[in-house]
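Notes for the one structure printed next.
Chain naming follows the written order as A, B, C and D, and within any one chain the residues start at number 1.
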Amino acid sequence: MSYARQMLDTYPRTLTVDADALAAAIDATNECAQACAANTDADLSEQNLAEMVKCIRLCLDCTDICTATNRVLSRLAEYDADATRPLLESCVAVCKSCGDECERHAPHYAHCRVCTEACRRCERACQELLAALNPSM
Amino acid sequence: MSYARQMLDTYPRTLTVDADALAAAIDATNECAQACAANTDADLSEQNLAEMVKCIRLCLDCTDICTATNRVLSRLAEYDADATRPLLESCVAVCKSCGDECERHAPHYAHCRVCTEACRRCERACQELLAALNPSM
Amino acid sequence: MSYARQMLDTYPRTLTVDADALAAAIDATNECAQACAANTDADLSEQNLAEMVKCIRLCLDCTDICTATNRVLSRLAEYDADATRPLLESCVAVCKSCGDECERHAPHYAHCRVCTEACRRCERACQELLAALNPSM
Amino acid sequence: MSYARQMLDTYPRTLTVDADALAAAIDATNECAQACAANTDADLSEQNLAEMVKCIRLCLDCTDICTATNRVLSRLAEYDADATRPLLESCVAVCKSCGDECERHAPHYAHCRVCTEACRRCERACQELLAALNPSM
């Protein structure tokens, strides 16, 4: 069991959101942030740098947005829905764009294939958390 | 002139967004992130901690969201509007919430007054940048 | 297998450091950063706030230092040993301090027990990576 | 006056470190983190990408280490010297390496000249803060 799930299970307050959906989004954003940081560096090690620039830029954005989303999701109580919803939407969008670009390079570069998986999983987890959020929150 | 503005003025590409609005948002997000991190610590030094918990939580969220927004705005070319627009909206929302809560404490704590100013300025700068973004971007 | 390990196994360059030690440190820093962010919020939900302030502060520092360490470790090639060694030493130190403080609260709060485990594992992983780094790097 | 300095002047506790040195380091780390993030993107826009790879990697490390240093310095009370000293040393080292590499490109690229200035100023401010820290802290 991930630390994220263990932290949720020992949280002093009653959660107002589904713990499975929340734990999945916390783990996925954290792992996607790391995968994109690593993929930035792997891209920079390839020969055809000019073709990798878009992938590098999207990986940088994806790392930063996933990191912020992870930290905000990790602090549950009294969180601000006005800020959290668009943040999750931004995270879904950047994971979609970054995953699409990584997928273009996946046939050539195994590291882009791994990063595609991390982005797809994170996109899905954030979408499912958005759907699970109580509309009145 | 801030480094942010100097970096924009020496950028190798033609900007597709108003440089004044962009530089203002880059500076405001960076300074708001720092002010909120400092205010978290100042709040933790006060006696009536129970009344400061909401302020602490919002300052933590505001630091993380402003940091991500700053980094994404600092990388201009080929940026992804689908991710950047909701990120800016999230930043506006958290600066509004955090500024409102800090303002409640401003009569008692000078550090919350300073943080209110940083949040209000950042909220305004991000709103103005949203308005300046070409709708087709 | 974690994404971190998969990214290392698909890296375009030959690693100059032991892949097991590196993957362990990358995973441990990422999970410790998240656990500490979650523990900050759990601490803020407890009644005896005044006794939790030191734990909150150390968790905040631990999140920030673990995040930076994770990102730097995730980009392997041409990394700068002069910066990476003291960063790892800083990470070991903050995980030790934060783990010690969390352990004091572990008998009372299960979330501090989970966070202690994350800090201890991260401290150990960063120490082992420091030992594995080629002295000439 | 920067928000960082205003936050220090309104801090509820007595500072145990020189406020001028601390404010200078807080401002310099924050601005250097941003300048390096912007320079990463400017470098990625240049034609001779292969020659810019080292500069890009160092700018990425410098952003992450300066950000962590800034956040830790922004939270003053009860901070852990065992973690803060090596973190400052890491920040000095990465600013030195990144400034040296940017300086190599400064004759050709004005954005690297601006980034050199931000790195040099940050290196100096962190060194001066290290010297100002009470040895017993």
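Going forward, a contact is a pair of C-beta atoms (placed from the backbone, for glycine too) under 8 Å apart; a residue touches a chain by one contact, two chains touch by 3 or more.
These figures come from a predicted structure and were not determined experimentally.
Looking at which of A-B and A-D shares more C-beta pairs in contact, the answer is the pair A-B. Chain centres were defined as the mean of their Cα atoms; on that basis the chain farthest from subunit D turns out to be A. For the pair subunit A and subunit D, the distance between C-alpha centroids works out to 27 Å.
Chain centres here are Cα averages; for subunit A and subunit B they lie 21 Å apart. Multi-chain contact residues of subunit A (touching two or more other chains): 40-41, 44, 53, 57, 60, 67, 71, 75, 77. For subunit A in complex with subunit B, the touching residues are 53-54, 57-58, 60-61, 64-65, 67-68, 71-72, 75, 77-80, 82-87, 89-91, 93-94, 96-97.
Listing the residues of subunit B that touch subunit D in their complex gives 2-4, 6-8, 10-13, 26, 30-35, 37-42, 44-46, 63, 67, 70-71, 74-77, 109-111, 113-115, 117-118. Against subunit A, the residues of subunit D that register as touching in their complex are 40-41, 44, 49-50, 53, 56-57, 60.
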